[in-house]
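Chain IDs A, B, C, D, E and F follow the sequence of writing; residue 1 opens each chain.
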Amino acid sequence: MAKTARKNHQQPEHQFAQGPAPAPSSAAARDDTEITALDLPTASLTPAMEAYFAKCEEKLGFVPNVLKAYGFDMAKLEAFVAMYNDLMLAPSGLSKLEREMIAVAVSSHNRCYYCLVAHGAAVRQLSGDPVLGELMVMNYRAAPLSPRQRAMLDFVVKLTAEPWRVEDQDRARLRTAGFTDRDIWDISAVAAFFNMTNRVASATDMRPNSVYHAQAR
Amino acid sequence: MAKTARKNHQQPEHQFAQGPAPAPSSAAARDDTEITALDLPTASLTPAMEAYFAKCEEKLGFVPNVLKAYGFDMAKLEAFVAMYNDLMLAPSGLSKLEREMIAVAVSSHNRCYYCLVAHGAAVRQLSGDPVLGELMVMNYRAAPLSPRQRAMLDFVVKLTAEPWRVEDQDRARLRTAGFTDRDIWDISAVAAFFNMTNRVASATDMRPNSVYHAQAR
Amino acid sequence: MAKTARKNHQQPEHQFAQGPAPAPSSAAARDDTEITALDLPTASLTPAMEAYFAKCEEKLGFVPNVLKAYGFDMAKLEAFVAMYNDLMLAPSGLSKLEREMIAVAVSSHNRCYYCLVAHGAAVRQLSGDPVLGELMVMNYRAAPLSPRQRAMLDFVVKLTAEPWRVEDQDRARLRTAGFTDRDIWDISAVAAFFNMTNRVASATDMRPNSVYHAQAR
Amino acid sequence: MAKTARKNHQQPEHQFAQGPAPAPSSAAARDDTEITALDLPTASLTPAMEAYFAKCEEKLGFVPNVLKAYGFDMAKLEAFVAMYNDLMLAPSGLSKLEREMIAVAVSSHNRCYYCLVAHGAAVRQLSGDPVLGELMVMNYRAAPLSPRQRAMLDFVVKLTAEPWRVEDQDRARLRTAGFTDRDIWDISAVAAFFNMTNRVASATDMRPNSVYHAQAR
Amino acid sequence: MAKTARKNHQQPEHQFAQGPAPAPSSAAARDDTEITALDLPTASLTPAMEAYFAKCEEKLGFVPNVLKAYGFDMAKLEAFVAMYNDLMLAPSGLSKLEREMIAVAVSSHNRCYYCLVAHGAAVRQLSGDPVLGELMVMNYRAAPLSPRQRAMLDFVVKLTAEPWRVEDQDRARLRTAGFTDRDIWDISAVAAFFNMTNRVASATDMRPNSVYHAQAR
Amino acid sequence: MAKTARKNHQQPEHQFAQGPAPAPSSAAARDDTEITALDLPTASLTPAMEAYFAKCEEKLGFVPNVLKAYGFDMAKLEAFVAMYNDLMLAPSGLSKLEREMIAVAVSSHNRCYYCLVAHGAAVRQLSGDPVLGELMVMNYRAAPLSPRQRAMLDFVVKLTAEPWRVEDQDRARLRTAGFTDRDIWDISAVAAFFNMTNRVASATDMRPNSVYHAQAR
């Protein structure tokens, strides 16, 4: 499958030259250019996906690694892209920034490295506020948010941590904060989606494109 | 949106005639025929979805409520159906029963009423073993499973509960149990998908078709 | 000790014929007709217990496995039966159904296979509502309950999960919901009892009579 | 019901004379001589229980408050006494000290004030080692224990905290440590019993006899 | 380094003479007079520390083991002593007893044997109330406290268990209970300090002077 | 007390112009230039601290906000500075980078905004590896570490999350990874120190200097 460089994950040799020379850990032993820890078959992109990857290259300058990771099976890739684009880009009572804030707050609870890197960059870019991105990654409770956005993030983090405890009163708090029932669906669906992708990324040790790290700092 | 009866959720009046007469709870106040707690717009089915619903009626005798719940927006419904059908029905190294066992073990951790009812029935049907369905709902650790299936379910429950702790050694255990890297993707993707649907169902208080309860007992 | 069949715990052979043939797991290796995982001595029933077992056969059609499990020692069996019958059957401000609902909500938190099977059936039978039994097993928060019963179950699940946090305000909520101080004792004692039996069952891998599964569906 | 003094729970007035004068808390408002927070009916002791209370007075110098708390209903008191005496005093492969160590380790996990005070004193008395009692109350992992006793306490604390995770390998560890299957029953039954009494005590805010505090220090 | 006797940690031989003779556990194998499980270098006391140790001997009759544990490095010992004395003894809106109550409530959450023994004794001594010391060790929620002290302990236990959830409303509750902003700093700093020392003690298996056990009972 | 600008915490107005206009949240209402949420007295710097602040300005270009936060009381500030400098800068078997990695891994578990920002920057600077800083903030388990450093971070995160479970075998793992007993003290002391500072920062809502965010990206 497609490879991307992860060179800068390497620490300078001299920092670690203390104590007995360690055997390489299994993580270090993995080829640093692989996107996931799984050895998956390759597949040819369908014309629709070829066009989509080209559009990514044009707009972003790169193809996000998650797409390459799904690229071993076109049915899976197309289903993922369709759901992602509907949730994050289609018209909604939630701004695109708010959807990205949900993505990062959920991924922070789940401590998902891939999603925190990729969507933390999105929050920085969409908000023009590098600190807001850090706050979402580290602890959304420390961010100076409007009551609307605080209610939204409290809901998604509860839904992430203890879905079995979400009840009418939780939905009522969202309505009080100004959200419509359709907004509640969108909040829930975005939060639920990142609970899915966080787990695909963690289960496969998916690695983000390194270009995200320096974006919009 | 389409309504389905939930009459048998009603407890006999006399059971509750103890102590002072209670005010109706907010859950009880909700119209018992609504599929979710959200008041969402209605949408016309696309021809593809109309055909799909007809196929459900023909094969199952009913349209699963989750499809009706997504029915307010065709883009969301079609993306959901595409992803669901690929994950649960497409060729895979996992049997359909195994994929349903993952669905129920994940939903049990998340205590998702909708998914436990619907997919518990699927485990009973596909296995021809009503007790296996109950074991998946109640505590998969109590089930007499093959090492392969036990390793599979241990992985998905860890991925559900603590995705940040899944590492190379967890994938190694799956390989030792006989799974290929492609199987590991499928195990992960199914588990991740139900972590999504559990949260959509809990966030919206989605209710399963009552027909599931008596199936394959 | 007495044996009961657990034949239907067996999954059809063909479902598992994927991947390399697994060695039998330790659970599978255990004789499928044993009630617990422990090899305990046998004892003669006292006349009182002989009469009690006969009454079970007459009324239920079988002797519950938990009684057989305690049957290796008459002092233990008689103490268990005395406490069980007082708590679950003696006059109380709680209906028998309510006591069974407590049993199942507690056992659901503790994911106790034996107690969920046996007392889930009791809820279905006493309520005449198969769905209510499932709701108690899966997530009592999803059930449309009266405020009285919801307060009762919230109390017992908190007492199960975090007994160190139960305080005056928790008892006050029960009083507000219409319970007397004597009712609060009974609620507490039933919840506490199932916290005991759940642990005896889990510690010994106790298996329920298979007849429960199809009852009152 | 019978009253016992709790005078020494009072802190010296002057220690609290800082900041604005507080309103009495609800706990402080409760009559300090009541054994529980519940107002329960009184009952006459049966002859058997009268004899038992007299024996407590003679042997211990007092009637443990838990017995007085159950004293509102003779059926409940007698069932409790029968089960307690069988578990803690009948012949067993576990010494009486070991059974008390289980009681305290379980009660420490559950942070049960009544049981830690009463059974902490029992460990100090039976062992002649006041430090061992403190170790059981505070953190049994810090105690210098034999492998046998460490295995026993690891088992009961796991059974207390996560009963759903107890499996064959946990029982195997006890067998390796030298316990018979009958011992495993006794370990489990004692641990399960204190998971019951901890919850009765916490649910009712039961208060121990103050005499325990200074015993065997 | 300096040694202190831990003889009374030994259980009487006969109590453990059941089952097969156990190999000594690793904890038992450690020399019973060592203060920590680490083999650290020795250092000469600076004049300031020599004077401080002498003052401890004079006032307490012994040098607390924690000071001996830090005694391998004078810079570390002096920094620890300076911070400890400022927090626990300098003028503050909190009484010395209140600061010790915080120490024990935090140490109880963290189940730190060293700090519970040493500071439990301090609560008993400063309050003249042996029961209050036990309540702080076992479960501060069971203690009959003024609203001021209850608010203080609720704050420090939340700060200990879930620091990421402490927010404006938590500080507001302290202000409502009569604390100034400077008091809130002191409450926080004492709680934070014991979250440090609990972890140094647990990480090194630090053992308290045995003299604490019988003090002020 | 000294003020520092937090202007860039402000999100662009237009991002939030959705739904009904929210009342300002309590966090937003706080003056954006305050370092903590507490209104504390001011104090004159001692000559030693004046020199230290000047050295910070000279070397870093700014005085870290944590020092200003402690600046209301010279005894507290000096004790903090002495302990901090000894732990993080004095000779040790741990490199300065390793001590900062511990700081960030602990702060990540505790989700401490202040410490993640300040010490995340330190990891980026000392390692010359911006990605390593992000990995420590997000999930150290995803970082390709040497076995030595992985063992070190596993130890400190266990010590942070469950100090009561740290035992001989945990120390043994550090020794196997090449650490001396003195190194184990240093690992423990640094981890314990950040468990303190994380809680001071969270309890007071301490805000980092905004200059950290863009450093060494």
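We take it that a contact is a pair of C-beta atoms (placed from the backbone, for glycine too) under 8 Å apart; a residue touches a chain by one contact, two chains touch by 3 or more.
Everything quoted here is computed from the prediction, not taken from an experiment.
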Message = Quick check for you: after a Cα superposition of chain B on chain D, what is the rotation angle, between 0 and 180°, in steps of 5?
response = 120
Of C-E and A-B, whichever chain pair has more C-beta contact pairs = A-B
Inquiry  = Please tell me whether the contact surfaces of chain B and chain C are same or different in residue numbering, using the over-half criterion.
reply    = same
Ask   = Comparing centres built from CA atoms, which chain ends up most distant from chain D?
value = A
Query = At what distance in angstrom does the C-alpha mean of chain E lie from that of chain A?
reply = 43
Query = In whole angstrom, what separates the CA-based centres of chain C and chain D?
reply = 24
Multi-chain contact sites of chain C, meaning residues that touch two or more partners = 27, 30, 111-112, 139, 164, 167, 205
Query = What is the complete set of touching chain pairs?
reply = A-B, A-C, A-E, A-F, B-C, B-D, B-F, C-D, C-E, D-E, D-F, E-F
Query = Which of the residues in chain C end up touching chain E in this complex?
reply = 164-165, 167
Complex contact set, residues of chain D against chain F = 139, 141
Inquiry  = Could you list, by residue number, the parts of chain B that touch chain C in their complex?
reply    = 8-12, 15-16, 18-20, 22-25, 27-28, 30, 32, 93-95, 97-98, 108, 111-113, 116-117, 126-132, 134-135, 137-139, 142-150, 177-179, 205, 210, 213-214, 217
Ask   = If you look only at chain D, which of its residues touch chain C in the complex?
value = 26-27, 30, 37-41, 72, 75-76, 78-80, 82-83, 86, 90, 110-112, 155, 159-160, 163-164, 166-169, 171, 181-182, 184-185, 187-189, 191-193, 195-200, 202-205
